Amino acid sequence: MGKMTPDTREQEGVLAGTPDWQPPVTGTGTFSRLPRCPEFGLGEVDLAILGIPWDGLVTYRPGARFGPQAIRQASIACRSYSQAMKVDVFKNLKSVDAGDVDVSIFDFEETFSRIETRVAELQQAGAAVVSIGGDHSVLLPILRATSAKHRQLTLIHIDAHTDTSDTGGNPPHHHGTCIRDAIEEGLIKGERIFQIGIRGSFGDAEYLAYGEQSGINLLDMHDFHDPARKAEFTARLRETAGEGPCYLTFDIDGVDPAFAPGTGTPVPGGLSSFEAIDFLYDLRGLNFVGGDVVEVAPVYDIETQITSLLAASIVLQIAALVAIGKPLSKS
Amino acid sequence: MGKMTPDTREQEGVLAGTPDWQPPVTGTGTFSRLPRCPEFGLGEVDLAILGIPWDGLVTYRPGARFGPQAIRQASIACRSYSQAMKVDVFKNLKSVDAGDVDVSIFDFEETFSRIETRVAELQQAGAAVVSIGGDHSVLLPILRATSAKHRQLTLIHIDAHTDTSDTGGNPPHHHGTCIRDAIEEGLIKGERIFQIGIRGSFGDAEYLAYGEQSGINLLDMHDFHDPARKAEFTARLRETAGEGPCYLTFDIDGVDPAFAPGTGTPVPGGLSSFEAIDFLYDLRGLNFVGGDVVEVAPVYDIETQITSLLAASIVLQIAALVAIGKPLSKS
Amino acid sequence: MGKMTPDTREQEGVLAGTPDWQPPVTGTGTFSRLPRCPEFGLGEVDLAILGIPWDGLVTYRPGARFGPQAIRQASIACRSYSQAMKVDVFKNLKSVDAGDVDVSIFDFEETFSRIETRVAELQQAGAAVVSIGGDHSVLLPILRATSAKHRQLTLIHIDAHTDTSDTGGNPPHHHGTCIRDAIEEGLIKGERIFQIGIRGSFGDAEYLAYGEQSGINLLDMHDFHDPARKAEFTARLRETAGEGPCYLTFDIDGVDPAFAPGTGTPVPGGLSSFEAIDFLYDLRGLNFVGGDVVEVAPVYDIETQITSLLAASIVLQIAALVAIGKPLSKS
Amino acid sequence: MGKMTPDTREQEGVLAGTPDWQPPVTGTGTFSRLPRCPEFGLGEVDLAILGIPWDGLVTYRPGARFGPQAIRQASIACRSYSQAMKVDVFKNLKSVDAGDVDVSIFDFEETFSRIETRVAELQQAGAAVVSIGGDHSVLLPILRATSAKHRQLTLIHIDAHTDTSDTGGNPPHHHGTCIRDAIEEGLIKGERIFQIGIRGSFGDAEYLAYGEQSGINLLDMHDFHDPARKAEFTARLRETAGEGPCYLTFDIDGVDPAFAPGTGTPVPGGLSSFEAIDFLYDLRGLNFVGGDVVEVAPVYDIETQITSLLAASIVLQIAALVAIGKPLSKS
Amino acid sequence: MGKMTPDTREQEGVLAGTPDWQPPVTGTGTFSRLPRCPEFGLGEVDLAILGIPWDGLVTYRPGARFGPQAIRQASIACRSYSQAMKVDVFKNLKSVDAGDVDVSIFDFEETFSRIETRVAELQQAGAAVVSIGGDHSVLLPILRATSAKHRQLTLIHIDAHTDTSDTGGNPPHHHGTCIRDAIEEGLIKGERIFQIGIRGSFGDAEYLAYGEQSGINLLDMHDFHDPARKAEFTARLRETAGEGPCYLTFDIDGVDPAFAPGTGTPVPGGLSSFEAIDFLYDLRGLNFVGGDVVEVAPVYDIETQITSLLAASIVLQIAALVAIGKPLSKS
Amino acid sequence: MGKMTPDTREQEGVLAGTPDWQPPVTGTGTFSRLPRCPEFGLGEVDLAILGIPWDGLVTYRPGARFGPQAIRQASIACRSYSQAMKVDVFKNLKSVDAGDVDVSIFDFEETFSRIETRVAELQQAGAAVVSIGGDHSVLLPILRATSAKHRQLTLIHIDAHTDTSDTGGNPPHHHGTCIRDAIEEGLIKGERIFQIGIRGSFGDAEYLAYGEQSGINLLDMHDFHDPARKAEFTARLRETAGEGPCYLTFDIDGVDPAFAPGTGTPVPGGLSSFEAIDFLYDLRGLNFVGGDVVEVAPVYDIETQITSLLAASIVLQIAALVAIGKPLSKS
């Protein structure tokens, strides 16, 4: 089989963006038609996209277990060069699709353990990991792995919710407790957390109070639209982060449901897609070591799949942020 | 069962109920799981949510008769504490779901009479009434009741349309004539009407001229985005209202169809959800005596029901405006 | 408040089907606008509709937690007189909507316990319970309660799947193990189980073999369309049941996805709606003590909600079967 | 341009047009690209398709006002030769699209009058009229016109509902009373009415009793699937009709919602599309003078618009029935 | 037939917007119920709306062939007076719907030739042509016709993509090459092209470089939100255009997919509907000789058809721009 | 990486159906999680699933280019053991997913050549090829390859359309000409073609006449429901086929649009899913050498993706037919 068919090309490790153009209708499903993981020795990889098909701790509308599949499907429209960031991502970062974490669908402890192991394994091999969720509870095991390797993480958290709830019992976690859990476990300090997009209504004002007491930095939607307050917030973020490691956790419901309807707990009044992307643009130069996009529930998306498409675009922008802060790939 | 949150109040006495947190998947259908009307003597109620399942005077795409049902369903995600308004609404206002007006689906006169009676009844008992429509023609009987109790109303009117059409005949009203009707009936003066969101195309420029001649205050979309003109408009509104009674009528099509697709006569170029909510935020402190959200036609909504969710959020914000201008509940 | 509004009429215990016609657009959400549970002493009730908003043991596509809500919404089109069964159900059975079981969304053991308790409580009070699910795992606690009261149950099981899988571990149950679980727990004998609608593909032929070894009676889709084999099967069923108690568990995926798309694990080649209803018609006269309709996942339904509508119709037919085998209500 | 196919007739004289085959993506909207009414003198027309965009008497879910538009759009896939009927309809019948009746959307009396006038006008000119609705209340004015011209009509009525309700007041009609209204007005005798597809549940068994007392012939769904009873029913129909005029009124909800979801009051357990078409096939040779397809509510249809497509196909089959009972067109 | 029915009124050349109001549910399909082309001698027409149902050169998701049909359907909500532009378009411009170009669906060369001929023909007769697409490849033949009549065109190009790709082979064009093609054919100079909305990711940075080298003026999304840069861009545009002819090509994907989901290659982060309309408002007074709206793929739109509605609104705004720069119609 | 993750297991050639159960939410996209092609030497493969993402010759509604992707996605619910056929397909046939043919999206000649080459290559290696389309024009190159290897093919053709149209020009083929093309090219004789599902309306009766003259065996829908005629047809088919090679081409629109809405040219009145599957059951024992499922256009499917799911099931049944007529796999 001398001639390369799409699948063999993909499998033989040809990076996306080759001159031999393929129509965006072929291929069997990696992110942006990246090569699959095992084709490289892990040591050569700069960036790994990792699916986490889990929604076992959702309180309201489930469906995020199908997020990875839908984001990969939409990502065929995501190409290598980011116009916003002005960088050719996959030329600068040797990238792979690392497949899905093998979740145990009814057992969060086993699943958390597998997520932590897999992320750590990829990070140890030198890859920045960008995860595609999955409900937001996956942040906890990701931070367990990431904070073990990268001390003094700064966390940028885009979300409609503070995720500082308290289950008060059994199980100890759900998808609205991950930030509180991470603080309580000592994985990250409140002062190093920066929240954008928070809005809506709460069952208990205590969730907001907890964040305040913990020192979390919060830019609410009213202030986000106030240029002076937004600039002050971003400056504080940059000062806090310095040259230290940054991690971006992007709950798609931080964006307004008009732009991201495909999610379980949408809240009106959020960021536009442009505002979200442009906010990331303002973070260029920070030392990003990883990130995630979570809470994409494709069954609630519209026909044209704009939520998955936005999620795929955010994955690319996170990768661009990683690339901008990095010398050219070793390979 | 010491603490009474809205969630547990509904279930009180129901065998299935428990004092604990309930997941947002149970319950049979009141707004935000508020208790139903008859459980309280009406005299104790501060706020009544009232459904009006009517779309008998729609000229284009019907379906708003199912608005109340859909808004209640979406409202399970609306909790008591408003982040934008910084008030715990249902702690401050003893609130009930007053059910639906018993419409006569082919007879607008009978229906208008029942709406007026029901609103008056609730208002006489001391409740601020927030209605969930229904097409915009319901504003006329609501204003008949409300202006009888509250003299010199100031009317804030968010809409894509001026609703100053003239049917020129039979029947005398449709859903695009309610503002003109209210002026013609002497229920409200043009100078006390403030319109936001108006845009699009008109069959006849006379509808706009009528508003101008009547003294209606209108902030069109171009000027809404001009901070100086918007500030001037809001100042004029506050000056006009003073400490007098204010009423907010919110036609969901004032919001752009990207944010509120589920409506009969969508018009591109409208408010974003954030802009709508933030505009209400600017009205804190005015003396709101009631309001409504109308023209939600769920069959035109998207799967994730963002229109109903936005409508439910607006209901909560109107209630918050009522709460902010009010001492703690008598109970 | 002399005059009865829809909500008060509903709450004051007026049976559905009164001459004072209400348009099917009002009301806040019980099944077919039945009165709510607490309005009657439980001893007077013949039939209780019980929601179980649970989908915590679904292996593929979740969403059945919203089944009860959607089925109730669709049930407004279900009126009291069944044309197929030729009986006026709610005239013959004093009926209530018993609300939802208060599930513990991440804890199947606690949830199973609450289901069993609630079903037993209603049955002890003399009511036949028709449950609206929820995923099929709820059958196990229902059978625990039902078989405790009614010995030697005959189980009619309509489904695409045999539900004789084995989780082989943790947790011990999922939504495809309920029949095997019930046999293993000794709640019912294989010979008293009659399965209709089974089809499609299986990961392991052992699941079918288990059923065969347990003596389960199975009419596959090919034989269902063979009049002689279908008649033989129905005759065997009637002979087995005799005058003993019968229970019908209706997994909506027994029906073809063209007729019931709103479900998590649809399988092509199933029963038509007519065939399902007509099969129930053939069961008239058996002594039905309860039933359920499960696996309705509304987010996968089409706009016109035919799955929920079919589910509501099946609930009515099960109630009709209960009514036919029963003297006129005591009240 | 010797040969005049329907496709080219519309474009005749239009600058954009060519005599060649046109892809089914062009054209601005007549049924099956038939010529518009005014291009012919009315005296030359054998068949007129007439739209009635009216849903002012719908009790539950409105939307049938957009039926004519959607059916015309779908009809581009309806070509002239019917495989089932084995006749080239538009070769045999000189056919036009007569446009829409100019309804008065809030005034049923004015609308009924305009429908009656327009149908009578077309019938006087010699055309068989096939109407595309609209809700079923339009049948009454159609029958007023039709029964005035054609005495002793036999009415074939396909529907889920008997349409023998009684509004008991104001207004005197709704979309579920048309058959009773026609009998009460003396337009048709019960014995000449043949109902197929009736099923589901009723608020009052009296509606069925009225039909029985009036002598209406009814084949319920159980008997429809019994070949002997179906044959007996069809034989009785043929005997009653003889060579007299027949009219077919086809409420799309006679068909099961799996096949026709786009309608306001769907009822599970109905005819399949094949069964409906094949039933019409059994009526070949009867003297059809007109017909209608009603209750198509496109907003409830699925993406692929199968309800409108089925409706368009039924229109073609009714036209084929007209054609089969008729000598070659005069032209 | 003395009295005018909707269809005859439409056909007899009555302009839209007559006092004799018709409900927006009747009529068989022209843009905003304009008269059809052949009713006027072409010499009397100021504005011609022309459909181009073509999507034969789409690389990703097809469906724009149904754009003209859907835009016409949505346009029934587009009335004559533009609130934004403050002009009564159809009073100022004698307007017709010129039907569809008779495309040859598998042959782009033949189709391009027919488009060019038809546009030229209408332009020669004095009409400004506003085309409704169709994929963006139709711009090439439109520019061939338009630049032949109007020398030194200024081209305003709203799009997410630069459309400066190069197929590198067979066929020589696709829907992403039209701007490069027009430059290469010498139809327009790069310096006279003004691009707004460009964003997202690219397979090859060369596409952007080509535009830069050709002198194309580009305002990217980041700069669009910078008032100073936007003002500078618009000033440059006005200076370049002067009193010379301007043409507006509006790819609907220039708008964000939240506002225009119904398109084949959506890109997050685009213009809002308001921003797009308000940008056109800034172009008042330029000498517009024509325009187009392309890439509307209705099957990807949401139920409420906001993409088609926006497209129809943009058509009206382009017509308003034509009207503003023009004396009152000759008729 | 000792432990096998889903992706590595898949890639390391583990057949589906291993005891180590994986939830159906992981994996990156082969048919039923089969291993990819290059992992085996081709000589060891019994069955190859081949995607053909092509819809370049569709006359009406495009979208079948995304068929392969959607069918693979739905196939995760297709497991190895077929209940209908009573065979464990992937235990009996060593099976791979051979990826997609690398189509040239605007060039049918190049694409046809690549299809023919790829199918021939796989067949030469000993694999039965089951293709997933793609529009029906792909049948021609598939038959070119298949009839070159297998002389005297018997073709079973399930479809709503006869596909015996004649383009009369340029290009020489479209998706409705493939059967006529194959006869004209001498690839197959009319007498060896058996058509099931044909129905609806035709632009020209000649298409049916061509089939008759060519000796094609056709069972129309009326006769399909006549047991005697159906039995006679199947007997004739078996007699014709004998022990010679059979090929099944399954246009999904042969099935009724209620069961398969996701297709470009749906026709009411078709086969049910059960009837289609049961018809295949009747073909057990014939010597099937390959097959295809075509015309799945996912954008027209409903949310629950029943069309793709049915298509995947049909692929499995075709594979089962191959397996039944074959000794146990060589491996």
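Chains here go by letter, A, B, C, D, E and F, matching the order in which they are written, and residues are numbered from 1 within each.
The rule is simple: a residue touches a chain if its C-beta (ideal position, glycine included) is under 8 Å from a C-beta of that chain, and two chains touch if they have at least 3 such contacts.
As the structure is a computational prediction, the values presented were derived from the model and not from experiment.
Between the contact lists of chain C and chain F, the overlap consists of A, D.
Touch-path distance (fewest steps) from chain A to chain F is 1.
In this entry, A-E is the pair from A-F, A-E or B-D that repeats the interface of C-F, since more than half of their contact pairs coincide by residue number.
Among the other chains, D has the CA centre that is most remote from the centre of chain A. In whole angstrom, the spacing between the mean C-alpha positions of chain B and chain E is 38.
Averaging C-alpha coordinates per chain places the centre of chain B 39 Å away from that of chain C. Across the assembly, chain A contributes 23, 25, 59, 65-66, 105, 256, 258-259, 272, 299-300, 302-303 as residues in contact with two or more other chains. Interfaces, counted as pairs of touching chains, are A-B, A-C, A-E, A-F, B-C, B-D, B-E, C-D, C-F, D-E, D-F, E-F. Those residues of chain D whose C-beta lies close enough to touch chain E in the complex are 11, 13-18, 22-23, 25-30, 36-38, 42, 51, 53, 65-66, 69, 72-73, 97-105, 118, 121, 299, 303. Partner chain C is touched in their complex by these residues of chain D: 59-60, 168, 198-205, 208, 220-222, 225, 256-259, 261-263, 265-270, 272, 299-302.
Those residues of chain E that touch chain B in the complex are listed here as 17, 21, 23-25, 77-84, 88, 256, 258-259, 272-274, 277-278, 281, 302-304, 306, 309-310, 313, 316.
Remark: chain A residues 55-57, 59, 61-63, 65-66, 105-107, 170-171, 174, 299-300 touch chain C in the complex.
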